[in-house]
Each structure stands twice: as structure tokens, then as C-alpha cells.
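Below you'll find the structure I mean.
Chain nomenclature is as follows: A, B, C, D, E and F, assigned in order of appearance, with residue numbering initiated at 1 for each chain independently.
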Amino acid sequence: MKLVTAIIQPHRVDEVRAAIEAVGVKGVTVSEAAGYGRQKGHTEVYRGAEYTVDLVPKTRLEILVEDADAVAVTDAIVSAAQTGKIGDGKVWVVPVDDVARVRTGEHGADAL
Amino acid sequence: MDSGSIAWILTSASLVLLMTPAVAFFYGGMSRTKSVLNMMMMSFSAVGVVGLLWIVVGFGISAGTTTAGGLFGNPSGEWFMQGIFQNEDGLAVILAAFGGTFAIITVALISGSVADRMKFSAWVVFAAVWAVLVYAPISHWVWGGGLLSSDGIFKNFLTSPQDIAGGTVVHINAGIAGLVLALVLGVRKGFGKEPMRPHNLPFVMLGAALLWFGWFGFNAGSEWAADNFAAQIWINTLVAPSVAMLSWLLVEKIRDGKATSLGAASGVVAGLVAITPAALSVSPLGAIVVGFIAGVACAMAVGLKYKFGYDDSLDVVGVHLVGGLVGTLLIGFLSTDTSAYADPGLLYGGGWQLLGAQALAALIVIVYSGIMTAIIAYAIKFTIGLRVSEDVEVAGIDFAEHGETAYEEVR
Amino acid sequence: MDSGSIAWILTSASLVLLMTPAVAFFYGGMSRTKSVLNMMMMSFSAVGVVGLLWIVVGFGISAGTTTAGGLFGNPSGEWFMQGIFQNEDGLAVILAAFGGTFAIITVALISGSVADRMKFSAWVVFAAVWAVLVYAPISHWVWGGGLLSSDGIFKNFLTSPQDIAGGTVVHINAGIAGLVLALVLGVRKGFGKEPMRPHNLPFVMLGAALLWFGWFGFNAGSEWAADNFAAQIWINTLVAPSVAMLSWLLVEKIRDGKATSLGAASGVVAGLVAITPAALSVSPLGAIVVGFIAGVACAMAVGLKYKFGYDDSLDVVGVHLVGGLVGTLLIGFLSTDTSAYADPGLLYGGGWQLLGAQALAALIVIVYSGIMTAIIAYAIKFTIGLRVSEDVEVAGIDFAEHGETAYEEVR
Amino acid sequence: MDSGSIAWILTSASLVLLMTPAVAFFYGGMSRTKSVLNMMMMSFSAVGVVGLLWIVVGFGISAGTTTAGGLFGNPSGEWFMQGIFQNEDGLAVILAAFGGTFAIITVALISGSVADRMKFSAWVVFAAVWAVLVYAPISHWVWGGGLLSSDGIFKNFLTSPQDIAGGTVVHINAGIAGLVLALVLGVRKGFGKEPMRPHNLPFVMLGAALLWFGWFGFNAGSEWAADNFAAQIWINTLVAPSVAMLSWLLVEKIRDGKATSLGAASGVVAGLVAITPAALSVSPLGAIVVGFIAGVACAMAVGLKYKFGYDDSLDVVGVHLVGGLVGTLLIGFLSTDTSAYADPGLLYGGGWQLLGAQALAALIVIVYSGIMTAIIAYAIKFTIGLRVSEDVEVAGIDFAEHGETAYEEVR
Amino acid sequence: MKLVTAIIQPHRVDEVRAAIEAVGVKGVTVSEAAGYGRQKGHTEVYRGAEYTVDLVPKTRLEILVEDADAVAVTDAIVSAAQTGKIGDGKVWVVPVDDVARVRTGEHGADAL
Amino acid sequence: MKLVTAIIQPHRVDEVRAAIEAVGVKGVTVSEAAGYGRQKGHTEVYRGAEYTVDLVPKTRLEILVEDADAVAVTDAIVSAAQTGKIGDGKVWVVPVDDVARVRTGEHGADAL
């Protein structure tokens, strides 16, 4: 199994959720984050002061999938989250040794 | 017994007391999450310390018989308000307390310039000493028949300054003290580089709203009667901050492209500050002018700290010193011939002497308050110390000084 | 000079001014995190814009000599309140300002129907124009001796409508304007599908609490004197919202299984709205009936927007239009023979004419305000535009329009 | 007609009504995030239920003709305030309502001891029954010419107890009821082990600030006139909580090393509670003593619950019972010979009888309120049940009982 | 080493912490999240509106363990977090290349 | 590629960010967490009650790096976050199968 983690713009969450459901994803874990990458260093002016804002709010999605689905899910996320502007985010895939469903104690692919 | 006026001053005193917790929210909301409580505790402790000291000695210094050539009132006979509390004139009794609420908020206003970095114990000592040695005498000068009244240095002058509710005593005084205290303390780590944005803007707006509400007592209560002049003051206290809010937002819109909620809240306070000395002197049209100029001037002034490098963290100087000066000086132009003072400003047929008197009064307060604040601040610095360590400042003063954080986030 | 009444109206006017920031919290708490500040800024800017315009021209239109057959007052002589501020009758002066606080809050109330999506500049223009062209004339009709007073269309009728504090002028007026503005703006993305729950219910409760507090000034101040009728109004302003809170919670408990805090806060406001026109007409028992019916009716009415598809985001229609109608019409039944009007309703031995007068007044306000609001809204839509882009709406109007977010979360 | 006094009581009644939402914030801020709304709803529902019942029957029991040897007033003639609302004496009418606001807040105060675990329906029933069977009679005893007045058991005694604003009726009464209700309910899961820190300290400070503001109406309004005695009460209501804040912080600083914001807020309330009965009896110097002792005593008392194992969650006992006793008993020492009662305490030349009267009044209230509260609590426990399930308590009472959480965090 | 990540019901945190301490875990990192899986789509009624709530608050636990302990820790979490109701959560295990303790700079198993 | 995750003291974030930028890191994702390890069980006194506080606020940094950079980045974090006191935190490294940049759809090292 794989864990697909996506850092996306908060306002694209609904689109991304729809897209991954369309490719068969059954569950997801969502949390708040902030980050920077290439978009680093945009300048804001506030109350007479100018400064660099580097940490921009993002949403993190974590999705457990079967090995075979990792690519499809990644692609679905990328296309649904894309606005073409800097700061759109990152998606990465990590190998998973095992998954367990708490409710039933099932393991492996059955637990997804 | 004019029970109507007593009722109004009982109400006004209550309103003014509410203004200090309002300052706690106005400033507390502007703080960063890690120093909210310390910011609020500076206001709360001002109520405690100054509330107590006003009863013990401050009232006597402020309202006692003029001594030392108008420098202060003689507190003997009024220790612990022993004299006044047996007075059968209800108005006199409640006015004695009313004055205390002014002392409290003046001290609380100063705290905005020292956010995030002043030792709480140092603040408490500062508040106590400053209230007695700076605020109480100055209030005597202006309202107790002292130095800056028609019985003082203006005795043989053509006119005496107009300051119905404390442009000099409260705002210029607090503003200059805030500047000096910030200079002695030094800038915060990250000042001018990190954003340090308000952590909770609704709290800032709550503070501004409660301040405005309380300010009706502050200004219209300073008429010391429920009459037509109190009503005129009320109207001016409505319209000046309304206009200052709009003109502040206009400056932001033109300069930065966006009208902010912090700007609206600050504009309201700037307008309130500026109309404070002038509310009985000017017409509603005059109040509109005062508000407009205050909003523009203060919106520009809050950026100066970055140019000059003093860390007036929450803009005590930009709002109270500048706003207080705007209102105090504009009286010299806008005081009407129909005002309660019957001493018109330049635009209403008067001469330059009123403007001169206003400027002189402002100057004297600035000099006295500035020097005394520096002395008190240095005295504390070299004894118990003024500032927390850099570690504490970075990690957050709330937990280090008060053992608490404002919000419990992990449930 | 009745200083007691002046004291009470000085207090009342201050209380009513506080109600507009209270609306900011009531509505701001109900908003989503991304549009809190914009919601609050609509109320704050209403104070600024309407506060200024009331002084400039609104007071004249509202209280000037009746012109054009009762359509509005003549503002000449009262530009910038030039006339009234020199009046030596304190009560007259403060009542002039008191009226301004009503104009301000009426405009602020409307903003609840346009949450999350209206351009701030469009709102400011709307507030200004609407206050002058809709609010000021209607207040003249009812309280200035105009169209809907005993000197207006009811001159030769058996009776004239009773509306002590603004069931028609404030609530029905704001409610219908909110409906029309929401219709012109269109629904939000996700309306009826996404939860859009209040982001901060304690703020909603704070708003409701400050509203109630201020409403004592709103209603009992409208007696324009500190007397037994003001006291009667006070009692009714305590009990009607108490009962409306309970009856709203009862509806929720029966229908949904749970009594919510949003329901309690909304019930309080519904009861306050409904008792506003009736507080001098009914007995405490009558106020209990008014409160009970208002709580039930409004609790049912807030769901209608999903049925009919208008996005009255924070229930201006469900609470103010419906609550205003409940109170206005129930006077026709519950006005007592011992009331200050001495013109009883159906249940106290009177005839149908009072109910008829109440209904007619409500209808005229609905028609005028509805049409005028539509005209103003479309005029703005086709000039500077009414609505932000969908992108801004989804990402959050606060940052786009004001350059801020309500809370700084990452420290 | 003394319109000034009417104005002041109209204002005071409004101020006291605000105190109950203030309690909602004071307690709500101290709660954990998962039970904020339930905590606040206990106060809000107290306004609804007790507000209604005061009009229906409570006022009659409290202020009606003394019956049953001083046990309660006869409510006939005042059902639904039918009699009083037609009274032409405005002061009498508003004082009738003023009393209702006291009944409301007394009930709300109790809720602090039952945080996180009481069924909402059980609370509503408790509030209703307790207000009618406990609060209304006791208020008759002290202020309605009943049992504890100079016409009651003190008729042939040398003196009668002094309690201007409710040390016994409100605070000792609510404090003992809170203790008994907490004992019947049992401790929370994790009591004494988990931190259970306040989730939002600014809300606690907001609550304390609004309480203080409202308390000026509570205490100085209890003079029932705008006169010099009201002004004296006002001063004492400023200084006692100021000093209590400082003395509470001092205890913390010495004992724990840090002065907390929760301590400042609690100290203010402790000082307000203690000065409540004494504000007309003591001089400002006496008020300083009352405040100092109250701050120290209550700061020590809030820890007792861990020793004795009762879960008085938000310190109703430590602050209201202890603070109420401090103020009530200190009158026996500090009542001045110049006070409105002209019946001095031990330190001002009086004898032991005043202290005896104070102690006896406190004792009678403790016994009656304690027993009645136990009866009501057990009656509810064995019928509809008092407590939510442990699952609900752990997961959070807000969602289970009200279908809401205080804050929407995921956007 | 392994990283065990658990998404559980917030009110089970105390039980789970006790359970993992019982099997020898010395440290844990906790954060807030929200998610859905099978429990997706329960309906709520609020103020006259009916809608689907899909993101339910959860707590995330992250626990670094030695390879040999991963199974025991996973099992301990599953049994302590289990209520048998939908929404109980997920646990997954990911391989870890290296761990460092910041305070001392130690690496590997010593750093746990 | 590797994912370096660091749990550090919140007030060291600025230093750590500077340090990783110095070794060439271009982006980072930051989030809030709380945790305990060896520092477990310090006692606090509050309002007359004494109790154990075990969850202390921490900041989580997640940094995607090329395989070769993982050690340098880990070391940079450890030395920048170190205060020598208990509670300084942990850093761990997890293998990553793939990374995608949302804006462009690039994959692999190009997407960093």
C-alpha cells in the first residue's frame, strides 16, 4: 500500500475530494498546514509596514491507497488542485508496510 | 440635589471604568497569541493599582487645595477619601470617583507601547508611581485650578486653554509617556522585519466598540451635568469618530489598496481621541473636520515608528499623541463663538491667543510627562529591571510571566 | 429642564450606538472564518457612513418640517445640525442624536442577508444612499408627523398605528430590504448544500447579549422621558425576549431534538424585534404572548429560505421581517385599554380598526422600502458592481477585500 | 416624580441584566472547549426561565404583602405584574423589574459548580423551581420586610442585619446552592487529575469586566435613588475589587510564583461579591479592608475542593460563598458610625450585636438554601435524571446536548 | 525503525496513550485532523437546513518505534481505540530510514 | 527522494528555517503538533491544583529532499533546533516513491 500526501491550496479541497472519489478513493484525512516553496517571499503592506510573508496556509490531505492506485490518485489530485499559479502545492507518495482498520482490526488492503 | 445629573455621572463613571477592559481587548487583540494575557493584564492591573491609589492619595493631589503655585493639590484631609465620602452632595461624591476612572485609563493606554517585553512587576510599579507623580498633578493643573487653568499661568493671559475631557491630561500625556517608555525599553526582536499582525481582529473591534460606548461617558460626563452641553458633546462624540473611521479607511484604500478592519477600529479611536478636548468647543461641523483630520493624520503617523526605529508596538504615539495634538490644536481654529467657552478660534472670529494657549498647554504636558516618565523608567530599569529576557520574549511572555496561555488548543 | 430625562436619553443613545457593534458580533460569529471581518466591517462602516450623514442631512429629513404631503421633512436649517446644536433644551438636542443611532443600526441589520459575497465599496455606497432615501423618510412618516402618523393618511381614520420604537421603521424596513438585496445579489456558492455553520457561537451570544442590553435604551429610550411608561417598556423588553428564547428552543427541541445556542440567541433577538413596536401598548402578560408567538414564528421562518431559494444568509428576513410583522400586527389584538395610547386592540375591547391601521402601515413600508432597495441595488450592480468574484468568495472575502484574516493562526 | 432616580434605576436594571451574559463568558471562558456552549446556555436559559417566572409569580412572592410570619410575600394581585404595571410611580415600576434581574443572576451563578456534566433539561427545571422556592422567599426575608428584616426575627433584637445589595440573598445563597448541587451531581471524570484549564482566558476577562461594569448598577442601584449614598456605594464598588484583584495576585505570586490572569479576574469578582452587602455600610478605607481580605480568603478557598473532593468546577463556593461570608461578617466590624444605617460595627464603637445579626442572617440563608437545594436536586435526579452519561461527558456535552460546537475549526 | 501513524477518535486519546505506554512506547506526537472513510455522509439538521457532514474531527498520533515493536504498538492502538462504531479510525506503518534526537544529536534506535 | 520530518520547539522555527535554507532547501510545510518523550511528566500548579502536563506544543516541519541531501538537512535541523534541554524534539527520514508539483505536473526531483 501507499500513502499519498498532498499539500494544496485550501480553496481547492472540494474539487480535489471530488476528483479522488471519482477514481475510487474511499477515505481521506485532512489537516491544516502552512508552507512555502517557489512562491516564497511575496511582500505585503500592512499598517504602514512592508514585510515578507512566507508561510501561506495550506491544506494537507493524506490518502491510503493500494499500490496500483497511487499514480491515478496522484494525477487526480494534481489536475484537480491545479490553478497554474505559484503555491499550488506538492503531492508525494510514501510506501506503507501495513494498514489496520481500528473498528474491525482488519489489516492490509481490506482495511482501506 | 440634581438627581438627573447624579444619575448621569453615576452612569458616566461606570462607562469610563469599562473603557479600561476595552483597552485590554483593543490591545490584546492586536498582540500576538503568545502575549495576549500580559497585554490584557497591564490594563487590568492598572485598574487595581490606580483604582486603589486614587482613593488613597490621587484624588487629594488632583482635587485638593492648590499648593506649590499650582503644581498639585494638597491631599491632606482626603487620604482614603475620608472627607468627600461624607459629603451630602451626591454630585461631588460621584465626581470624585469619576476622576479616578480617568487616571486608570490614562495609565492603561500607555501599555500599548511596551507589548511583548516588559516585566509584569516592572509594569505594576511603573503604573503606581506614574499615576501619582505624573497623572494626578497634571489633572490638577488642567481641571483642579492648577498651573494650566485660568488661575494658573494663563491668569494674565488673554485666554486659557480649552480641554473638556482630557486631550492634554489623558491623551498627549499617555502618548508621550508611551514613546519614552518604548525608547527606554528598546525594540522587540524582529521589529520591522516580522509581520506581528493582530492575532484576533474581532477582539480589536470589540475593544474599539466598548471604547466608543464608554467614551460617551468620558466626554459627555465631563460636562458634570445632564444638560444641553452634555448633549452637544454627545453628538460630537458620535460624528468625529465616524468621520475619522472613514478618513482612515480612505487613506488605506488610496495608499495600500485595501480598507482594513484594524484601520476602522484605529480610526474610531483616533477620532475619539481628537474630539476629547474639543467636544464642547466645536459645532457638529467642526467635529466633522476634527474627525477627518485626525483620521488622516493618525493613519499616516502609525508608520513613523518604522522610519524612526522606536517600537511603539500598538501605536500609542501614532494614535494618542498625534490624535491628542490634532484635537488640542484644532480648538484654536474651530472653537465656535456659541460654544460654552464663548472664546472663539481663528475660523470663528477669534485671534491667535487661543491657539497659542492650546499649544503651550500641550507643550508643558509633553515636557513634564516626558521627563518624569524617563526618570521613572530608568529608576525601574536600574533596580528591579524593566525587560524580560530574549528567550522569554521569543517563547512568549504569557507563559513565563503569568503561567498561562490565552487559549488551550489541544483538547 | 428635566435633567433626569436628559440623563436617561444620553444613556439610551449610548446604549443604542452599542447595538451596531453588537450586530457586528451577532452576524460576525455566524459567519464562516473566512468572512468574519467583512461581516463586521459592514456594521462598523454603517456607523461611520450613516453617523456622518445623519448629522449632515438625515436628521433634517427625519425631523424637519413636514413637506411634500408628509413624505419627508425639510432639511434646510438643519444641515450639519446647525440649528439643533444651539438649542438650550438638552432633551431636544440629545433626541436629535438618539434618532441617528436608529438610522445606523437599521442599515447594519440589512447586512446579514449579504454575507460572504458583497463588494465592500458597494456596501458603503448602498448604506449611504439607503439611509438617506429610505430610512430617513420612513422615520419621518412614523415619528416625524409624516405619512403614517395621526397627521398623515390616518388623519381621518378611526385610529393611527402604534409603533413606539420601530417595528415598521426599523425591523420591517430592514427585513424587506435584506430580502430584496439578497435576491439581487444571488445565492452563495454551496448555498443549501454546504453546512456554513457559525464559526464562533460565543461571539453570536455576545452579540445577542449586547443587543439586549442596548435594546433597553432602544425601547425605553423611545419614551423620550424617564417615567412610568419607560419603566413599563423596560419590563416588556425583559420578558418578551425571555419567552421568545424559550419558545424558539422549544420548537428546536420538538423538531430537531436539540435546543441550540444559536436558537437561544436568535430567539432573544426575535423577541426583542417583536416587542419593539408593542412595548408601550401591551401589558406584561401581552408581552409574554408577543414573545411566545415571535419565538415560534421566527424559528419556523428561518428555514423558508431553503424552500424558496433566496440566500438570506444570516436570517434578516426570518427574524426582522417576520418578527417585526408579528409585533406590529399583535398590537391590533393586545393593545390594552390602560396603555399610553388608550386605544385598545381586539382582545381588550377595541375594534378592527387598530389592526387595520397596523397592517396598512406595515404594507406601505414593505412596498416603499422594497421598491427603493431594488432600485438602489440595481443601480449599484450596473455601475460599480455588487458582488465579488467566485474565486474571492471561495477563498474568503476577508483577505481579498480587507487584506486581513480574522485570526492569525500560525505563530 | 424624581426622574433622576428613575433614570438611574432604568440604567441599573439594564446593567444588572447584562451581568448574566457576563457570567456566561466568565464561566464559558473557564470551561473546556467541548463544553463552552452548555456552560453559556445555563446562564442564557436562566434569563429566559427566571425572567418569565419573575413576571408571572416571583415578584409577588418577593414584594407582596408579608405572609406566613414573614416567610414570603402574597403574590395574589401581582400575577403577571398586573398591579404594578399600571402604577404611575415610575420608580416603583422599574424597581419591580430591577428585582427580577437579581433573581436571574443568582440562578446563573450556581451553574459554575456543575460544568460539563448536567443535563440541560435538568438545569432548566432546577432553575425554574429554585428561583421560585428559594430565591424569591429569601429576597422577601431581607428586602421585602420578611424574616430577616427589622420587622422579622430581628424585631426585638438590638439591631438588624445590613445587606444593601445581596451578600446573603445572592452570593451566600448561590454559593451554598452550588455546593449542594455539585455534591449531588458528583465529580467529573478526571477531576483532580486532568488540568481542565480555561479554554479562553480573554473570555474570562471579558466576563469579569462586564460583571464589574454591571455591578455598579447592582450595588449603587440598590440604593433605589440617585443620591450621595449611591455615589458612596459606587466608590466602594470601585476600590474593593481593585484591592481584591491585587491581594489575590499577591497570594498567587507568593504561593505559586506567578500572578495569573485568571487570578486577576477571580479577584475582581471576589472583591465585588464581598463589597455587595457592605457597600453602604463602610467607608472607602473599610472597602479597602473588605477587598483585601476577600482577595486573600477566596484565593485560598478555591483550592479546598481538591482537599475535600467536591467538584465545584468553576469555584462558586470559593468565590461566592466565601466572598459573601467575608463581606457579610466584616460589616460587623467595619460599619461606620456615619453610614446610612447609623449602626456602627465593632471597630467604629459599636457592640457585638451587629456581628451577631450578620452571622445569624447568613446562617439562616445557608440552612434554608442548602436544604431546599438538596430536595430539588434529588427530586430531579430521581425523576428526569441530573447527569449526562460518561460518554457524553468525555466526548463533550456541547454536541450531545445542543448539537453544536463552540467553534468551527475546519474550514 | 518504523513510524506508526494512527487516526483515532479524539475522545479515545487517553486510552490509547495508556495502551501504548503499557507496551513500552516512550514518546508520541499528537495533532489535530479531520477525516472520513466508511462513516461518510451522515446527515445533520441545523437551523432548518439538512446537510451531509463528511469531515469529522479526529486526532492523529505519530509514534516512532523499533521495527520489532511495530506490530505490538499497532495492535495496542487498535484495541484501545476501538468502540466498534464507524469512524473509529485507521493505523498505518511506514518504514523509517533514520531518526535523530535533537537534544543530543544521537541517531538510530538510541534516538527513540 | 526522502521526506524529512522534524518535531521541534515552536520558538526554534526561525533558526531552523534559516539553517535548512543555508543547505539548499527550497520549500517546507509547517504544522502544529504537541507531544512528549523524555520530558514527560513535568508538574504544574494552577489555581491551587497540581497536575502533570505531558503534551507540550511543538512545531512539525516536513521537507522533501533528494536522497543525497537527507543527511545534511537532518544535521542542519538538529544543530539549529538544539537548546540542549529535554523536549528539543525529533527528526526522522522516510523514503519517498514519488513527488509531484501541482502547478506544473512535473514529477520526481524536478518537482522539488
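The criterion applied here is as follows: a residue touches a chain if its C-beta (ideal position, glycine included) is under 8 Å from a C-beta of that chain, and two chains touch if they have at least 3 such contacts.
Only a predicted model underlies this, so the values are computations on that prediction, with no experimental measurement involved.
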item	value
Shortest contact path, subunit B to subunit D, counted in steps	1
Between the pairs D-E and A-E, the one where more C-beta pairs touch	A-E
Fraction-based call for subunit F against subunit A, same above half, different below	different
Distance between the centres, which are taken as Cα means, of subunit F and subunit E, whole angstrom	18
For subunit B paired with subunit C, centre-to-centre distance based on mean C-alpha positions, whole Å	34
Interchain centroid distance [CA atoms averaged], subunit A/subunit B, Å	50
Geometric centre distance via CA averages, subunit C-subunit A, whole Å	45
Contacts with two or more other chains, residues of subunit A listed in rising order	10, 30-32, 34, 44, 46, 55, 94-95
Shared interface positions of subunit D, touching two or more other chains	2-5, 7-8, 11, 197, 200, 206, 256, 260, 262, 403-404, 410-411
Subunit A-facing residues of subunit F, complex	1, 3, 26-32, 64, 94-103, 105, 111
Subunit A - residues contacting subunit B, complex	44-49, 51, 53
Subunit C-touching residues of subunit D, taken from the complex the two chains share	1-8, 10-11, 13-14, 17-18, 21-22, 24-25, 28, 36-37, 40-41, 44-45, 47-49, 51-52, 55-56, 80-82, 85-91, 93-94, 96-97, 100-101, 120, 200, 203, 206, 401-404, 406-408, 411
In the complex, subunit B residues that touch subunit F	391, 394-396, 403-404, 409-410
Interface residues, subunit B side, partner subunit C - complex	2-5, 7-8, 11, 15, 32-34, 197-202, 205-206, 208-210, 212-213, 216-217, 220, 225-232, 234-235, 238-239, 242-243, 245-246, 249, 256-262, 264-265, 267-268, 283-285, 288, 338
